[in-house]
Structure formats: C-alpha cells, structure tokens
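Below, subunit A partners subunit B and then partners subunit C, in two separate complexes.
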Partner chain A sequence: MMNLEDLVNKKREDADIVHPSPHLWNRIESQLPADSTKPKLNWPPLAVAASLLLCIGIGYFWGKNSASGTQSYADIKALDPQYARQMAMYNGVIQEKRKTLASLKAYQPTLYVTFEQDWRVLEKSYQELRDTLPNHPNQEELLKAMIDNLRWQSDLLEQQVRILENLKSPPNTDELA
Partner chain B sequence: MYSEPHGALIDRCLRGERQAQFQVYHLYAKAMYNVAYRIVQQAQEAEDILQEAFLDAFLKLGTFRRESSFGSWLKQIVVRKAINQLRSRRELLFSLDQTPLAEEDPPDDAWDSGDSIEPIVNALAYLPEGYRTVLTLYLFEGYDHEEISQILGISEVTSRTQYARAKKRLIDIIHNRTVS
Partner chain C sequence: MNWLNNLGLVIFLGFPAIVLAHDPLFSEKQKNITLHYELPKGHVVSVENQFGDIKVVYWNKEVAQVHARITASGVTDEKANALLQHVQIQHQKLDNQIQFKTRFTKTPTPPEKGFRSSLRVDYILQIPRDAELELINSFGDIYMPDHAGKLTIRQKYGKLYANHLSGSETDVQVSFGQVLIKSMQGGHMKAAYSQVVLDEVTRSELTNSFGDLHVKIARDVRGVVSYSSGLIDQIKEASAWQVNYAPKFRINQVDKRTKEIKIQSAYSPVEIPNGHYDFEVRLQNGQFSYQGAEQVILERQPKTQPNQPIRVYMGKVGSDLKGDTKIYIMSKHGQVKIQP
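Moving on to the complex of A and B:
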C-alpha cells in the first residue's frame, strides 16, 4: 500500500490549488524601479498630448489594417487599467515566445506546425472574448477570462519552446548513463 | 555550477527589464503563492508574503549566486517570510512538543484515503502551526530534517518528532473528515 509521502510525491503538481489575486503583479510592479529598457521621457505636457493623439491616430489605422499582433487596450484601460497593463504585458511575452518558437522551426518543422495550430486555437478564443467585450453584461468576468486565456497562451508557448529547445540540443550523456 | 533553466531570463531581470520580471512572476507566482498559503493558511497574508518575496528577489537579484535554481532561491525567501509571519502571530510554538516520540506510538504509515492530494492540502488548515510548518516543509517543499532544523532553529530530532506527530494528526483529521 502507498504511504503519504509516496502519494504527495506522485501528485505534487496537483497540490497547488489556490491562486493569487490577478492584481498582485500590479502591486509588485508599482514598487519596482522604472523599466530599464524604456527611455525616460522628459517632454512638456502639450507635446505628450500631441504625440498621444498621433499615436492613437496611427494605432487606429494600424488596427484597421493588421489582422492581429498589436492590440489596442484603450477600452480595457477605461474598464480596468490594471487588467489593461497585464494584458499588454502578456501580449509582449506571447509575441516574444512566438518569435523564439519561430526561430526553432527549422529543427522540427512538422512539430512546429502542430504547435502553431495549438496556440492558434487559444488565440482564436481570445479574439472571440475580445469581440464580445464591448457589449457583454459582465465585463469583469470577461476580462478575467481574457487574462486566463493569455496566461494559457503564454504557458503553452513556454512548454512548446522548451520542447523544441530540448529536441534541438544533443542528448545529455550524463542523463542517459 | 547549477544549470539554470531560465538563465537568460534571469540575466534580463538583472538588467531591470520589466517584461522579463513579468515573465518570471508569471512562471513562479502560483507555485510560490501555494508555498506561502500552505504555511500561513490565510489568503491576504500569503499575498503580502508573495509581494514582498518577489520585490526582494528582483531588488536583490545581484546576491543570487546561482548555486541552486532561481526557483529554490525564491522559495527560500517565501518560506522565510511565511515563517516570520507565523512568528509575528506568535503561533509557531514547539515548546509543548519537544518530548521524544514514544516507542509504542509509531506513526501509521499506510495510506488508505484515496489517491487525491486535495484532502491532504485541505486538512493542513486543521493542524496546529508548528506541526503544519514542519509537515509542509518536509512533505511538500522537499526540505530534509537537517534543512528544516536550520530554517526553524530547532534540533533535527525535534523536526523528526514534529513531523511524525504532524503526519499522524493529519491522517486522523482526514479520516474524521471523511467519516463525518
């Protein structure tokens, strides 16, 4: 018969049953020093306003002409700025991981195609959620579902990158021995 | 030197890249929140611990010497903060239970309450803090009794005794909860 230690060892991954609040990251971020990759802006307010208008304008036409990739968070920001910030973060992570995955395509072309189909499914359901948002009676819940979806996309891509990287590197003789 | 699975990401965090910090948070937040929650059994406190632990980790990343994985370094920070939290509640008391385990009272090793881990995690809430801390550190976080004795400032014998008792109590709790 199994003992307690064996069971916990075997099922360790199922032991994480609670989730931190979705806003915890925003609390952490608010106390971190400014992002080192972002140049500090020192513009007078009017110039900021003018460039914002320009950005919105460009963003509008860009949005009209591009299928996906860059996302607009203006409406989400109006609903909940913290969620908008996280969505932008997740989107950055997702774009970055997709690029990494694409750079590994040559090693496993067939597998890459299957992987792409997998994350496209999630991307499609994200888009469906996104499209229902403006008229949805419970926008808070919908935003949560969108964040969950982005987290799953990010998790999935992370796993896929790891798999392709492992297949790329030569087998570790220490582990085989 | 330990080969860090997220080495490149950690390097970017060292440079203060927000996107990389977010990715690291995303990778570890749930696991670390559960580590804290299992010890303190209080959602708000577990969140505060997580917040402080990630801030510490990002701000003091330069002191991470890469002798272990980033994950286990971060977990040490979380565990230390969770135990300090219990100490601040004055709930981490071992004094009543320092007597060695009697020979005639061996812990029941057999497990016959199904193969789901959830009842075990849920039963942690009903254990006294001292028992719960030793039990979670050993059973869930993978520390051995030598490490637990250092973390908690108790003897290795006390850690073993506390663990055996905690385990027995835990099994009793699960049995009683299933029966009633």
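Moving on to the complex of A and C:
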C-alpha cells in the first residue's frame, strides 16, 4: 500500500512530465491588443524644466550648506591643532542651532529675519578676524578672539531658539498671583 | 635600591625643567618712541592703537605727548628685532587735530609655530586735563582718568577702565570686551558683546546688545538692552528702558523721589522691586506675578476680560499711598514680576 509521501512524490513526477504546448505563447500573444507595448514617458516640457530646476536648486542649497557647515581649518590646525578642534566643535554646534532655528522659522518669519540679521553681524566680525589672521604677528590673540566670537554666536543662537520655542508653545498667560 | 628610585624620580621630574630652562626659543626686544605736539585750544588729540594699552595721564603743559613702547617677541634676537620693524607710529598735526596712529604691516612669512612671536604697542598719553580726546583701540585696554571734556572712545577686544566722565559730550562704543566706569554724567555709551559695569550714570543714553549690563545707580537714564541681561541696583530719577530678547532685566530699588519709570519689553522677563509706587502693567501675551510681594493692592485687573489682546493691571505697592513714583511697563511675550 502506497503511503502518503510516496503518493505526493508520484503526483509531482507526473506533473513534471506534462509540459505546456510550444505554441501556447504565440496564441496568448495573438490575443493581446496591438498597442500593449512598453509605456512611453510623455512628460510635458514644463514638467521637465521644473524637475531640472528642482534638481539644480537642491544641488545648490546642498552645496552651499555643506560648504558653510564644513569649514576648513587646515591653516589653523597648522598653527595649533587645539584651536582648530575648538573651532570645528563650535562650528558644528552653530550649524546645528541654525538648523533648529530655521525649522522654527514658519512660526515667526518676521522675528526669524531679525534674528538672522543679528547673527550675521557676529559672523561678519568673525570673518574680519579670519581675514586678519594670515601672517599676523599676534595670531594667538586673534584666534582667541575668533573662539570668543564663535562662543557668542552659539550663545546668541541658543537664546534665539529658546525664544522661538517659547512662542511655539507659549506658557499660560494667566495671572500667577 | 631606594636611592635608585630617588634618582629616577629626580631625572623624571628634573629633565623637563632642565630642557625648559635651556629653551633658547624666546627673545624679547623693545623700542621706545616719544612724540609730542603743542596743543592749541580746540584741537582734538586722537590716538589709534592696536595690540596694546592706552593710558591717559594729565599734566600742566599745553602739549600732547605720547610714549609708545613697542615690544616684540620672537624665537631669536634676529626675529624679535625684525618684528619691531613691522610697527609704525604715524603722527601728524591737522587743522584741528593731532593724530598718533599705530600701523602694523603683516610679516612676509608665516610667524613661528606655537605662537612664539608677538607684537605689542603700549601708549602713555600725556595731555592737559581739558583736552578734547579721541581714543581708538583694539586688542588692548584703555585706562581713562576723570574727564570733563569732549571724549570719544572706540574700543574692541579689550577692557575700558574709566573714572568719572562728567562731560556731556562723552561718546563711548565698546564691543567684545568689558567696561568699568565709575560715573558717567551725560553722553552715550553703546556696548555690544560686552560685560558692562557702571557705578553711577546720570542723564545718559546706554545701549547694550548681548552680554551683561550692571548699573549701580541710575538717574535720568534712557537705556536699551538687547539679548543682554540687565541689572539696575537703584533708580534715583526718572528713567526709561527698552528691553528686547533679554534673559533677565531686574531693578532692585527705586528711590521715593523718582517720578516715573517706563519699561518697554519684548520677549524678556522683567522684575521690579517691592517698594512704594503706583504701577501700570500692560501685557500682550505675557504674565504678571506678585507672589510673595507684600502690600500689593490691585485696582484694576483683567479677570473679566481674559481674551483681550492687551491686559492691564493697575495698582499700588507699599504703604506709602501718596508716593510720587509710577512705574509703567508694556510687556510683549514676557513675564513681569514684582519681587517679594
């Protein structure tokens, strides 16, 4: 008597022997509609132009942000690696806080513009120091001033973020007493 | 073997000291320059310096004189001497001004690694007491004695120490530094990114943007504080303050004779003292608190109009119900608190 396993194996072998007819595909193909070829991309020119513009825009902002976010400190590292490390650290913090600030822009766009002007002033002072640095006889004093400037920038951004976050979720305006 | 351990310790500790003691990589050279001009009445003495201090002293001659001491440090005598050549003291007499200016030229090659070079120029300026004066300095300090005449100071990356500045034409601007003034009786002081301590200010305009402002006694002061904390120990005459984005603004005491204090604040907590005065607090998206404050009588409060855009609290503080003082506060997005 054939057990269950043998029965299954026999049926499977039978199935392997049965092959589809070689004309089967031709029959199926003849029944398909004539225009069922690969779909064509048919974008209007404006959409293509918009896509290109979007790609260029993303590339521009990515490049711009990455350029400001990863400043090179090779010259400062050559003078003193510790100052270069501090600057890179502060720059990382500043970039992070600017991103946080930008993410809160929608809540107070006018205030954001004022805030941006305030930290741009500091950034300008930093750049002036940076431009004075090469070949200056008092480089250490300039570097200390640059570090102080970055600390001010970081503190300023922190304060601005705190203000915008408070505005986003304001405290209860009831009288406390 | 104990002596061997001791010897090892002596070598371990002593070697760096020996190396440092014999480090030949430092030389300091100095050059002194003295310049003077006769100072006719009405002429302004102008000194512009960098990387060094300016000290002003008075004498009884109608002459303006500077002693400039240039100090150069380098790894060798040669290099220190070469650095001295990178400083010029320019000076000239114009129609109504006598000028002394420090000019640095950049070194042609990068300075030594490890900051083993420096260049410093310190001035002692001697002038008659009533001279009109303009001081511009960066990366150094200014030491200013009592002064009653016209005074202009522009200070960056350094400290300003001043005694009593009593002229009505005092114009001080400081950034990235510190300011310590004993008294100011007129004029303007504008500071940014600085710690400012003023012992006494009268009839003056003050601005501090980012940093700290501490005024011990204020009389008739118009102040603007942005991003900066503000601490006023005592107000003795009417004052007006504009406070923006400040982490804290606090008045500790108000003299009974003070007529009026006006504070306009935005995004800043404001604290006023517990004393004897009338108050009017107008809030736009803010809070008013007098928890723990004694003898506060509210004459008007907006309980019945909670949804008003501007809520007004009026009342009195203290037992002196006939006091002359009134404090007005207009606060936008901030807390106003009467101290306990």
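The definition used in the following text is that the second predicted complex is superposed on the first by the 101 of 177 C-alpha atoms of A that agree within 3 Å, B and C clash if a C-alpha of one lies under 4 Å from a C-alpha of the other, contacts with A are read in each partner's own complex, and residues count from 1 in each chain.
The rule is short, and it goes like this: a residue touches a chain if its C-beta (ideal position, glycine included) is under 8 Å from a C-beta of that chain, and two chains touch if they have at least 3 such contacts.
Nothing here was measured: the structure is a model prediction, and the numbers come from that model.
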item	value
Partner chain(s) touched by A:Ser154 [first = subunit B, second = subunit C, both, neither]	first
Subunit B versus subunit C as contact partner of A:Tyr73, first or second or both or neither	neither
Contacts of A:Ala145 with subunit B and subunit C, given as first, second, both or neither	second
Which of subunit B and subunit C A:Met89 touches, first, second, both or neither	first
Which superposed partner A:His136 touches (first subunit B, second subunit C, both, neither)	second
Contacts of A:Tyr112 with subunit B and subunit C, given as first, second, both or neither	neither
Subunit A to subunit B touching residues, read off their complex	1-8, 10-12, 14-21, 24-25, 27-29, 31-33, 35-38, 89-90, 92-93, 96, 151, 154, 158
Touching residues (chain side subunit B, partner subunit A) in the complex	15-19, 21-23, 25-27, 29-31, 33-34, 37-38, 43, 46-47, 50-51, 54-55, 58-59, 109-112, 115-118, 120-121, 139-140, 167, 170-171
Complex contacts: residues of subunit C adjacent to subunit A	51, 72, 83, 86, 104, 106-111, 113-115, 117-120, 139, 157, 175-176, 193, 210, 227, 245, 247, 267, 283, 285-291, 293, 296, 301, 303, 306, 311, 313, 333
Contacting residues of subunit A [partner subunit C, same complex]	78-80, 118, 122, 125, 134-141, 145, 148-149, 152, 155-156, 159-160, 163, 166-167, 170-177
